[in-house]
Amino acid sequence: MPVGPVNGFEQPRFENSSTFARLPRIDEVQDEASIVVMGVPFDSGVSYRPGARFGPSAIRQGSKLLRPYHPPLDVEPFNVVQVADAGDVTVNPFNIIETLENVERAADDHLSRGRRIITLGGDHTVALPLLRAVARRYGPVALVHFDSHLDTWDTYFGAPYTHGTPFRRAFEEGLLATDSCAHVGTHGPLYARSDLEEDRGFGFAVIGAERFTDVAPAAIGDEIRRRVGERPVYVSVDIDVLDPAYAPGTGTPEAGGISSRELLLVLRALRGVNLVGGDVVEVAPAYDHAEITSIAAAHVAYEMIALLATASH
Amino acid sequence: MPVGPVNGFEQPRFENSSTFARLPRIDEVQDEASIVVMGVPFDSGVSYRPGARFGPSAIRQGSKLLRPYHPPLDVEPFNVVQVADAGDVTVNPFNIIETLENVERAADDHLSRGRRIITLGGDHTVALPLLRAVARRYGPVALVHFDSHLDTWDTYFGAPYTHGTPFRRAFEEGLLATDSCAHVGTHGPLYARSDLEEDRGFGFAVIGAERFTDVAPAAIGDEIRRRVGERPVYVSVDIDVLDPAYAPGTGTPEAGGISSRELLLVLRALRGVNLVGGDVVEVAPAYDHAEITSIAAAHVAYEMIALLATASH
Amino acid sequence: MPVGPVNGFEQPRFENSSTFARLPRIDEVQDEASIVVMGVPFDSGVSYRPGARFGPSAIRQGSKLLRPYHPPLDVEPFNVVQVADAGDVTVNPFNIIETLENVERAADDHLSRGRRIITLGGDHTVALPLLRAVARRYGPVALVHFDSHLDTWDTYFGAPYTHGTPFRRAFEEGLLATDSCAHVGTHGPLYARSDLEEDRGFGFAVIGAERFTDVAPAAIGDEIRRRVGERPVYVSVDIDVLDPAYAPGTGTPEAGGISSRELLLVLRALRGVNLVGGDVVEVAPAYDHAEITSIAAAHVAYEMIALLATASH
Amino acid sequence: MPVGPVNGFEQPRFENSSTFARLPRIDEVQDEASIVVMGVPFDSGVSYRPGARFGPSAIRQGSKLLRPYHPPLDVEPFNVVQVADAGDVTVNPFNIIETLENVERAADDHLSRGRRIITLGGDHTVALPLLRAVARRYGPVALVHFDSHLDTWDTYFGAPYTHGTPFRRAFEEGLLATDSCAHVGTHGPLYARSDLEEDRGFGFAVIGAERFTDVAPAAIGDEIRRRVGERPVYVSVDIDVLDPAYAPGTGTPEAGGISSRELLLVLRALRGVNLVGGDVVEVAPAYDHAEITSIAAAHVAYEMIALLATASH
Amino acid sequence: MPVGPVNGFEQPRFENSSTFARLPRIDEVQDEASIVVMGVPFDSGVSYRPGARFGPSAIRQGSKLLRPYHPPLDVEPFNVVQVADAGDVTVNPFNIIETLENVERAADDHLSRGRRIITLGGDHTVALPLLRAVARRYGPVALVHFDSHLDTWDTYFGAPYTHGTPFRRAFEEGLLATDSCAHVGTHGPLYARSDLEEDRGFGFAVIGAERFTDVAPAAIGDEIRRRVGERPVYVSVDIDVLDPAYAPGTGTPEAGGISSRELLLVLRALRGVNLVGGDVVEVAPAYDHAEITSIAAAHVAYEMIALLATASH
Amino acid sequence: MPVGPVNGFEQPRFENSSTFARLPRIDEVQDEASIVVMGVPFDSGVSYRPGARFGPSAIRQGSKLLRPYHPPLDVEPFNVVQVADAGDVTVNPFNIIETLENVERAADDHLSRGRRIITLGGDHTVALPLLRAVARRYGPVALVHFDSHLDTWDTYFGAPYTHGTPFRRAFEEGLLATDSCAHVGTHGPLYARSDLEEDRGFGFAVIGAERFTDVAPAAIGDEIRRRVGERPVYVSVDIDVLDPAYAPGTGTPEAGGISSRELLLVLRALRGVNLVGGDVVEVAPAYDHAEITSIAAAHVAYEMIALLATASH
């Protein structure tokens, strides 16, 4: 029987524990862990508002109210698999390359022990080493990318590794399953018409935020499920896919996004895909209010854990 | 002719009056009042973020822009019935039992004078004495309960009277009309699969927040109307039924809730039910921003008053 | 080739420029400008929370992330027409009349040079002189008015020129095309049943916020397009048409509004109308959080510019 | 025996009452009141950040923790004299002249009944009609003016009655006792060297904020006492005399001000002067945090009441 | 050699660790610990603004920048003695008595192992069980009490154990060394003249905040040192001893307090007293801004640890 | 006659201009400028809270109320010398070296035209290239360094150029005048006893914040003046020298700092030194409230300009 979260009926949620969902630390359950929640407190890849380095601790704080039973998926994830908080990867705010290596090494280590990883960012740069590790193990993945932006730009100010460029790098490195990836929830203007054309060349479909006005999240989930098929799926959620009303605490907010409910419902609708990892990134708590952004991000991570737990039934 | 609010064309809304909707105080209209707005500034039943003790004054502040005509229901409620602000019940933050008794006594007193009560919380614990008073007068009620949570848990840390347990107590005390109650807008995880099973045993249907994605609020209102039938109806609105984007100022926020518009529309769709009382609770202003939570709560209370006024035509 | 915004790949967006969308100042492109963005930092017409005098600078700050390509309309507006920031009209916070004259004169001047104007408010009072100037040049306009309120009241405290009265004045002055105007997104209570009756007499249709629950924004856009026909159209957006969750930074917020996505989609659906000018008003940054209101307003202004650019193809 | 505040040991301070210090309303004690606290929710005289119209209600909220015994002056003011809350003067945000007249009339009325007035602003414009009323009754007053600024400028944008000009008007109208007035706590730059020269001509001494570095508040109080002698004294406190750290919630903050402790101590040191009235103005709650500015202002008002009570022993 | 904090040159301070000053957890050093930092996340004894239940985690967050060398005392406390974070005592927000027992038991346990305890509150109620445990071990203590208030009132609403009453209970239980205790930094009004008289009877001297205007903190420290002599000293710091500018994040703020620098200097001047324990309480993070209150509290706790380390040299 | 700021009596301060103190842009006065205000929106050298990249625009916003006459120095600086806003240096957030080069080049350019530079940071890393440029022109400088920290550490995570290391680099590069430099206002703990020893070796005296308790700012100014003598002086102000109450908006706040008044007075007391340049850095607006930090920083910059203007009389 997995070690679950601290019991909220016995110990108040404002007490002590600072792990995700008040779960055990990895050192407390070690070899038993099948799913780890891992933080990457890094934001030196950010082009506008920084602060996502405080994202992991904020999301953990926002996760304190999470409870063990997920009604729509009818699963008690923490009872089904051992989930643990693996703490934060050590980063170097002055060295992007070194940090990416640290993240990749940490991910490799977890994956080599048969664990699946849900990562709490940090800025979107950190998705690249995570994809490297995942693709090394599972082969090229179908990336399901929730974001306001494409993040397939080539470079910012000459820098190749930034929060706006991870997926072009991933494509170039052969980490993505051609014709299986999708951007979901994009909104806001782009730099040029060519952005979309190039992006298509990397294998992405685009399901813009405006689609959610006419199509139910469940149907969008179906659409994604059909696109990814049996391939290993990596889900990357930039919290700015949400409208700024739902996620003020982020670095490059764009008006016109989707709602938290829409995001959670479409994630839930991915039940059955071969999920091999996921992240939720770009939570910048200095711009948050009353933890609403980090609570949303915590629910996103919980949703992914529930998907993994459902699969492991 | 009822005494209405201070005229907003003559006296600026940022002036003076601190009653709900700038209505007269109860002592100014005394025997004429048919509907009273009553505050219960109590939050010692809270399990996470406290602060709802400042809810009544915040909601009154948030009500200053309310105007006398309700277009969708085509009613000028303050002209149809005398509405008055009854002030706050005296509470004891160090004594839950004493406070519940005070609330019950105050409610009994108003009901005995033929008044209907709209209560401004305070945390959800205060719904229990209100239900006691209402059921004493009208018999077991059909509870229409808007909330992120079920609030039918048994106990927190051994305490029977908390903001997570009022409706289990109400069931045990026979205050609820079996098979007529409903939770509306629930979202977020639960403690265990058994939570829902036990809850069903108390007579509740569950209309989760995700239902609002596929079904219009008016249709959900119809569904509720059918369920409650001719029974006396008590509407209890925990403001955390709203997504945290709409209600950051609350104690146990859960991502994925409904919107203010959805909430107001479903309340409006209850026109015609036999409404005998209502409350809006769990507004914790220290976590609010720019009064958005208390404005939403003020509109909820106004909607209930309009429903009562419509019925009394 | 128009001078575009400062390139965001070469110069970080947190640098220097404080013009709208980092566009050139009017004095840098002078005779080339066909569209100007003009600020009116005035809020002495406000009846509740003041602060919209800081709106223009906040919206410019919120516009820093705007990029040059608009995917849904498939237009790069800043490449199609020369857009420039005309700075702020000089206002007198102690003299409404003088300010309205200044605005009218500034607008006349731009219009006489063949420019179209997108105005950043300021409170809604400033729409009156803008309508005067536009109507002088183009004849009575079909006003498409996004707002929580009607703004056709007669007077506040005896004052004829306030943020609640501009469109009654506009009607009285013959600036509006009879039977072509519309309020869109209205919500919240009114002063009296007669408000709506009088309003109808001024030529307005009302498409309340609750309509967006059942009807897609594109269909609402069609409805508006049919109503305005070939007439010159002026679009005035009071940011409080948005629910307070999306626009906390405003003066008279009402719960139950529309979302940013709904607003942007309905604006986008106006493609093809004869747009002759527009404004976005009532952004009060002191009540904003993390710039979410001013970002929404910046997107609204960008949407109007894209509409104008599409028309000028 | 005067009617005192609601007892804080019996009724929690977060309950009900919204009067200053939870004192009785004027209509509850009517003819008994010797000191009234009166609000003027007006800010249309402001040149920079507006919002002081919400000052009176914020200061009242900030006064809820005030208790009845003042240790350093060893007085229980509310037991010595009947103090009451006279509510707000009706203002017209669109008409400065009308508002000034309303304030003057209200002040005249209270003074004619033998009451002393402590006014809660509102912006500093409101000091002018208060001085008119006071001077009409007591003759020219020695004005002790705590402020970052001089407020003796001639005009802003041509307007004679603004928050930067009341004391030049007062001088011109003969309301000030020549050679007895003083500015205390001034800091920050001025428009021109001539500002100080002109100001000296109006009868003011200047005790700049930097003086508090070398001289104890009690000694500064002595200096002021000597200057005002036996003359009737009016104390006007612009909350921006405090450093922005102590009073962020104000309209024209200047770094380098005095502390709350320094302000309270120098007020206290005025014991024995012939205080005939006072005000505390320029609290703009939208810029406040956790009520620190309005709490400071509430203590300032309380200090003045204690001075008056001490005198009436 | 004690295990010190995580090295801030090697691991960024925004990473991982959530213990006080990034020190080891008690279970990591167990028997080696001589000083423990212990949290009590309890605020059910609060009479006004609640929220101190989140104090311990906020103070730990605010302690992340603390470094190991204390220049004025010339001590590297974490190298001199083993300091560890003992986590939080389990509290029951619905049961004051049970919580006080839990705190007392936890304190007894640490003291019985020869550890000194620095407690992070929580509201001031928690000082009572701490004094019980300390007095049981060391005999009646000289309490040095920094606070805006006296906290020797008898009861609130009939409740004996609240944040306003711990030291009257302590006196009644014989926990205090007669004629050796002192209140330091008191400011703001009291309920009645008798408050001070009764308080004197409990053995307290009062060094009001106004004293800091004329007397240097070092001299005040001398005065306290003389008063406490050789007796065991317990230092209890209610963060509201600071002016609200320095500590907005607290429950019952009073204008006119001392500064953080004054507080730290007077603590530092206690070098040489026989310090047997201490606490810092009443940090309510929901009212804090940018962690300034919790940073101040973290420095207070660090100052106490440095005093203990200095003594153990 | 120099071109001064926009006249605040004619054009409201909330209008248009976004230059420092509403001064002309450098391109408007070009060759006439003798003093330039230059922004460096860079924060990639930060070890804890990022966000100082938004510092320059925030300080400019906070400077809008600055007026042209400085009473204590009796100088109208903008009338004495031509001061202009040189805008921001282009930075690369992903490349510290490139940014430092850009800053150095920009500074060289201004200095070669005989201009003195007041720089608005950005984080403290930017002081290094400024010192390089200044020392190249004037020889090694006496650095007067206001800061909570020493900033003479060797490296963070192996990086030589960070906000904690500029002055060790400056020493190593021979930019500092031996035995003439001083840290002023330091407070908070250090990493090790050796920090101070090494620091002394670089030529610094330390005037800790606690000194301000006993010594008047003017006397501290005298002490500094004696130390720097006739040497060229560079003043670098890290805004975290202020207590967090005065400067919440910064990256590494430490309790116990000096006040804004103390800082301004000691700067003012430097009148007569040979000031060759200065900066104010580490303003992180995301953590600020109501602009209090950026207003303080604006006053600091203004104080330096006044010193330069006084010297050029």
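Letters A, B, C, D, E and F mark the chains in the order given here, with residues in each chain numbered from 1 onward.
Please note the rule applied: a residue touches a chain if its C-beta (ideal position, glycine included) is under 8 Å from a C-beta of that chain, and two chains touch if they have at least 3 such contacts.
Quantities reported herein were computed from a predicted structural model and do not represent experimental measurements.
Undergrad: Spell out the chains that contact chain B while also contacting chain F.
TA: Chains that touch both chain B and chain F, as defined above, are A, C, D, E.
Undergrad: Compare the two sides of the chain B and chain C interface and say whether they are made mostly of the same residue numbers, over half shared, or of different ones.
TA: Mostly different residues form this interface, as fewer than half of the numbers used are common to both chains.
Undergrad: In angstrom, rounded to a whole number, how far apart do the mean CA points of chain D and chain F lie?
TA: About 37 Å, centre to centre.
Undergrad: Please compute the C-alpha centroid of chain B, do the same for chain E, then give the distance between them in whole Å.
TA: About 40 Å separates the centre of chain B from that of chain E.
Undergrad: Specify, in ascending order, the residues of chain A that touch 2 or more different other chains.
TA: 10, 12, 14, 47, 53-54, 92-93, 156-157, 243, 245, 259, 287, 289, in rising order.
Undergrad: For this entry, which pairs of chains touch?
TA: A-B, A-C, A-E, A-F, B-C, B-D, B-E, C-D, C-F, D-E, D-F, E-F
Undergrad: For the complex, give me every residue of chain C touching chain A.
TA: These residues of chain C touch chain A: 8-10, 12-14, 64-72, 74, 76, 216-217, 243, 245-246, 259-262, 264-265, 289-292, 295-296, 298-300, 302.
Undergrad: Can you list the chain A residues touching chain C in their complex?
TA: Touching chain C: residues 47-48, 153, 155-157, 187-193, 195-196, 208-210, 212-214, 243-245, 248-249, 252-259, 287-289 of chain A.
Undergrad: Tell me, which parts of chain E touch chain B in their complex?
TA: Residue list for chain E touching chain B: 43-47, 49-51, 53-54, 92-96, 156-159, 162, 286-287.
Undergrad: Across the complex, what residues on chain A touch chain E?
TA: For chain A paired with chain E, touching residues are 10-12, 14-16, 18, 39, 41, 53-54, 57, 61, 87-88, 90-93.
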